[in-house]
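The following pair of complexes shares a single chain, subunit A, combined with subunit B in the former and subunit C in the latter.
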Partner chain A sequence: MKLTIERAALLRALNHVQSVVERRNTIPILANVLVEARDGMLSLNATDMDISIVERTPAEVGQPGSITAPAHTLYDIVRKLPDGAQVDLDATGGGDRLILSSGRSRFTLQTLPTEDFPVMAGGDMPHTFDLDAGALRTLIDRTRFAISTEETRYYLNGIYVHAVTEGTPALRAVATDGHRLARVEIELPEGAAGIPGVIVPRKTVAELRKLIEETDGTVTVTLSETKIRFAFDEAVLISKLIDGTFPDYERVIPTGNDKVLSVDRVSFAQAVDRVATIATEKLRAVKLSIDAGQLTLSASSQENGTAVEELPVSYDRDSIEIGFNARYLLDIADQIESSQAEFILADSASPTIVRDAEDPGALYVLMPMRV
Partner chain B sequence: MNLRETQADPRTAHIRRLPETLVNQIAAGEVVERPASAVKELVENALDAGATRVDVTIRDGGRALISIADNGRGMTPDDLRLAVERHATSKLPDEDLFHITTLGFRGEALPSIGSVSRMAITSRPRDAEEAWRIEIEGGRIVDPKPAAGAQGTVVEVRDLFYSTPARLKFLRSARSESGAVQDVVTRLAMAHPDIGFSLTDDGREKLKLSADQGELLDLRLARLGAIMGREFRENALPIDAEREGFRLTGYAGVPTLNRGNAAMQFLFVNGRPVRDKQLIGAVRAAYQDFLARDRHPLLALFLECEPRAVDVNVHPAKTEVRFREPGMVRGLIVSALKHALAGAGHRASTTVSMQALGSFQPEGANSLPQQTSFTGGYAYRPSYPPISRPSPGLSAAAYDFQAPHTLTGGFEPAAPSGMGETVDPETGEVSDAPSYPLGAARAQLHATYIVAQTDTGIVIVDQHAAHERLVYERMKQAMDAGGVPRQGLLIPEIVELDERAADRVLERAEELAQLGLVIESFGPGAVAVRETPALLGKVDAPGLIRDLADELEDLGGAFSLKEKLEEVCGTMACHGSVRAGRRLNTDEMNALLRQMEATPHSGQCNHGRPTYVELKLADIEKLFGRR
Partner chain C sequence: MTDTVQLCRDCLHIERMDANALGPRRCPSCHGSRLIRHPELMDLSIAHIDCDAFYASVEKRDDPSLADKPVIVGGGQRGVVSAACYVARIYGVRSAMPMFKALKACPDAVVIRPNMEKYSAVGRQIRALMLDATPLVEPLSIDEAFLDLSGTTRLHGRPPAATLAHLVKRIETEIGVSASIGLSYNKSLAKIASDLDKPRGFAVLGRADALSFLEEQPVGIIWGVGKSLRAKLEQDGLRTIRDLKKIDKFDLIARYGAMGKRLYHFARGEDDRGVQPDGETKSISAETTFNADLSDIQSLKEELWPLCEKVARRMKRQGFAGRSVHLKLKTADFKTVTRSRTLPDPTQFAEVLYRTAAPILEKTVEGRAFRLIGVGVADLTDPVLADPIDLADPDSGKRAKVERAIDAVRAKLGDGALKKGRGWH
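Let's look at the complex of A and B:
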């Protein structure tokens, strides 16, 4: 294998694939990236056995072939090369060496045989639909903050994606960590009506989000009950899905909440942030005292003292006091794009609904903290 | 060959009464399982007979010979004959099994031992002219004969288990059997400090404890010191608490004196050594703040109560007891220990300073001629003047400069407020000032250790460990005062347990709610977790509930939740405290010392390591051969 490629193109592709490679591996080949040159294209493939990313980019191929080389080392070298440099990759010298040369630099890298590289088979994936990259970004961004990191309930360690066919058809993404829940929906794309509900793992979500950052086009999603595949531009990501049952989240979204509080999103977030300075670092408990037309945020700690801040709000029901983790309030405030956030409350012990006043597609549920 | 011809078929054989010897052998299986248990029964008999000294002799780990000689009230020939009968006893005078004031009561020991060995009892009652001797061999009783003997009783057991070869086979090595015998005698000796004990093993004297006169508590501490070691005596906190007819006395070691196992934890109920799971649980609860999970304190506790409040007739060997109100007893033990530990304040074990001194010891120090005369020592070392105490009264004001500006209340100088003169390191002034237990800061070494001078020596403080403990104690106080905030769960976690475990956890629901864990029943064998302590963040609730269920069974208390909370506090305390390497000025150092004095439990960090070491002047003088 022998090829020449522009540094920027190689760096971009490497950047996309290398992050899936774990820093420490018990299987040596998993630390490597599969480099393939064929038909004027360079293809890079990296995997951690759960996720596989393939990215292709044009290159000047001198001799077709393939090799595997350490992903992080390769990435670090290319990153440190000067802008605009041409990079030569040469594995024709025999032995198990890959020679990377650029300008006056020359690196000889250890390689492993291509045949050992685990290629993730897509298998039979019966469902396919197209999704606008922007819509996919919304689905991920609005929900990923609520993904659980706690391993015992593994089925919460991802975003649950499913189709709603009753009422207004929609494609829904849901994530929860047991303390809060995020539910976002978009118009149901064609071909998605029959998909099974699947849980996309946290790491896949993170990798996918990085990959689609700069894309404006369409992402083709293909899935079965165990695997999902995202294809766009010259990149393909295949991932296993979490084998578990997502809880019946509809049951925890309260329907009887009737006290609606409407508040300016920016000033609310800033006030919460300010007041929480006082709260104990691990707890971050903030109390909301809501009266007609006024919201009082307060926090106290034995060590630091107390903080109080008042905000004008639109509210005309009975007074209510409720405590929340400030971190959770800020996370949700971050998701709201319009200027008004809406809180729909019941009482100080029951889940509270938060909505973006102008975005009916997103809904958040937050459990109070009892102080 | 047809088996039925030679052996009675258990399905068709008639029921018959077992012969007496067999009955005794079966009973012996329960009461006497190894030489140590025979020793225990016999020594207890001696104690019940009012002996003031008991001499135990064993050979070959008790297999060849066990001999117990006491100076108790002795037995007449008629008594002797009855004593070796089953269920015959001089105890239980009112035939009430729930009112047991003696160590023994079952009347099983002598016939049981007699049925599996060659036993001889020689006894002379207090006012009798002659002694009588009765022999039993494998259960066969030979009539009493006159014999020579001192007042009291001597029981000799030879060839234990010779008639039950299976049992004999299962005995451990002579060494481990004699270890078990020593353990038994030691335990009994701890409970009876007013009685002299000796143990001779194959001609070697293993134990010799004299019966001294004096106050029972003093005697007891001396006895415990003789058995558990001098360290224990020096670092033991007296325990004395009473609640609803139960009185708990004894001694508990300070946390910095700890061991890798619980072998040095003793509980006596009405003078009877018992092994009790509850004790281990209660001790752990009391010490959990000061010791890592795998370290165990040393202690000996004596519980006295109305005989009716405790059932000792649970197990033939009587090592287990049951209380009418186990929860109350546990509470008494925990609160008494906690109280004693809180009173100990910043006290760290003297072993720590002994270790420190040990490492200071110059090579060959032991070969130096011992200076017996203090002045004599000086004569040869004129260039080393005696450690000079600064002259008093130069300035009374200087100490004010050092005194902390925010002295928290609650501290009273433990030492009589005699004069501790202190020199201000910066001005060189000497002042009269109240003497503090941890002294006045003199210097900071390696930006890590504070050296302070006290009236009687020097104190070296590990600034990070000490401050970490202070911050931790403050946080705990805040937690206790403010309650534990709880984070509600959107989806209640259902934890499947077995039904009994679930009930145990649910019984404590109220207590757990106070710690921030709200649970409720979810059908048989299932618990729904509704709220978790917010401090723990996203916690593995099923794991926590299962741990709690196990602990409630094993130890009778819910420790892991509190431990988890305190662990979080501990980590926060570690981040929020002064690190090693930070320079402190005199004010800061003194403020830290004063806070340590005012804070309970500041003598050790969260893992039982000391936060400071005190070196007595006398010890330092020894290092230099001045004493």
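Let's look at the complex of A and C:
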């Protein structure tokens, strides 16, 4: 195998695939990236056996072929090469070596045989639909903050994606860690009505989000009950799904909440952030005292003292006092794009709904803390 | 001349003397005869104090007509002897003996139902006196504690041994019950010593004599070796501590698990655990030893549930919530297996303990037979944070309501008033 490619193109592709490679690997081949040159294209493939990313980019192929080389080392070298450099990759010399040369630099890298590289088979994936990359970014961004890290409830360690066919058909993404829940939906894409509900693991979400950062096109999603595949431009990501049952989250979304508080999103987030400075590190509890037209945020800790800040709000129901974890409030405020955040409350002990006043697709549920 | 030190337990007079001195064993100061002699008496500072026949002594204190009668405190729920006075012990009555057996041995005994509230009140008074001697008091139960008197000589103007004698005198005169002292250089030896000279005893195990003393003792003297472990050790040919010392450390650990390590060190008089003063409660747990070993998961789960209820009850009463759940199992061959799991939120609920511990139990059993199961919580916090509604578990709210309702009924009608279906078998 022998090819020449521009440094920027190689770096971009390597950057996309290398982060799936674990820093510590017990299986040597999993530390490597599969480099393949064929038909004027360079293809890079990395996997951790749960996720596989393939990215293709045009290159000047001198001699077709393939080899595997250490992913992180290769990435670090290319990163440090000067802007605009041409990179030659040459594995034709034999002796299990890949020679990378660029300008006056020359690196000889250890390789492993291509045959040892595990290819992740997609298997039979009966469902396919197309999704706008922007819509996919929204689904991820609005929910990923609520993904649980609790290992015992592994089925919460991802985003639950499913189709809603009753009422207004929608494709829905849900994540929860038990304390907060994010539910975001978009119009149901054609072909998605019959998909099974699947849980996309956190790492896959992170890798996918990085891959689609710069694309504006269409992402083709293909899935079965155990695997999911995202394809766009010249990249393909295949991932295993979490084998578990996502909780029946609809039952925890309150339906009877009737006290609506509307607040300017930016000033609310800033005030929460300021007041929370006082709250104890561990709990970060902030109290919301809501009266007609006014919200008083307060926090106190035995070591630090107290903090109070008042905000004008739109509210005309009975006064209510309710406590929340400041971090959760800030996380949710971050998701709201319009200027107004809406809190829909019942009482100080029940789940509270938070919405973006101008985005009917997103809904957040937040458990209060006793303060 | 061999030096030794003599302490008078009545007047606290201290005298250095020749260990081989002849002559009357009387205190040169008060002519009392309750003397303690030991070469290391001035150097030892770890003590175990144990009240003598505590419950029975309290009852005798409160009813002088019982003074010379055999008194058994017991009955209650399980029908066993909780405490027998020293008169009753002459007839062979021992604590933990079934009541019918005790009464057969001593038909004239006065049987008194235990009054735990009274005993713990007296126990608290005794603890207060102990804390006058040293802040390092580690209570083992309501009537016994370890004391570390290191560095108290200048404070009290007398060495630890004399401070202890003084303390026990105060317990006798101010509270009206007697206690025995064990003095040594670590906790397990102090605990052994307090048992050597009961009642009203004062026994000393020094660095020079502890090991030779231990050699001859049966393995049962080691703290933590109960009846069945002793039987097993004897079955393995380990009757005395000398037998035990012949076995390699790793063999002992391989055979008896964590207890094996303890056996190895205790046999050599080694114990590096410090005296832990009675600080905050760090964990709450409950365990039970089965009548016959259990290997079947269903039976083990049936034993687990009441323990979860017990731990939850104690958390609720003491105002704690626990964030980590610990499961303890002891195999038929005395290996202790422990597993723990941290919860996303602290809990006070028996139901949460059970739902956390039961799956761990299922994974841990592996076809083995067990003689004991225990469950506990640690990482205790304020209950205000306990058991929030769990958005990832739609039924958690309903289960919380059920448990709170059960608690409310029990608060009104007693703990036995209501049982969950799981508790019937």
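Some points to look at:
In the analysis below, the second predicted complex is superposed on the first by the 371 of 371 C-alpha atoms of A that agree within 3 Å, B and C clash if a C-alpha of one lies under 4 Å from a C-alpha of the other, contacts with A are read in each partner's own complex, and residues count from 1 in each chain.
The rule is short, and it goes like this: a contact is a pair of C-beta atoms (placed from the backbone, for glycine too) under 8 Å apart; a residue touches a chain by one contact, two chains touch by 3 or more.
Note that the structure is a prediction, hence the values are computed from the model and not measured.
After superposition on subunit A, the partners subunit B and subunit C collide with one another. By the touch criterion stated above, A:E303 is placed in contact with subunit B alone, subunit C being left untouched. Counting the residues of subunit A touched by each of subunit B and subunit C gives the higher count for B. In the superposed pair of complexes, A:N325 makes contact with subunit B only, with no contact to subunit C.
Judged by the touch definition given at the top, the superposed model places A:M367 against both subunit B and subunit C. When the two structures are aligned on the shared chain, A:H179 is found in touch with subunit B and with subunit C. In the superposition on chain A, A:R56 makes contact with neither subunit B nor subunit C.
Among the listed stretches 61-69, 79-87, 151-159 or 223-231 of subunit B, only 223-231 clashes with subunit C once the two complexes are superposed. Once the two complexes are overlaid on chain A, the subunit A residues touched by subunit B in the first and by subunit C in the second are 148, 150, 152-153, 176-181, 247, 249, 252, 283, 351, 365, 367-370. If you check the complex, the residues on subunit A that touch subunit B are 148-153, 176-181, 247, 249, 252, 281-283, 285, 301-303, 323, 325, 349, 351, 365, 367-371. Chain contact summary for the complex, subunit B toward subunit A: residues 474-475, 477-478, 481-483, 485-491, 493, 531, 534-535, 537-540, 542-543, 568, 572.
Note for the complex: subunit A touches subunit C at residues 148, 150, 152-153, 156, 176-181, 247-249, 251-252, 283, 350-351, 365, 367-370. Note for the complex: subunit C touches subunit A at residues 341, 344-345, 384-385, 388-394.
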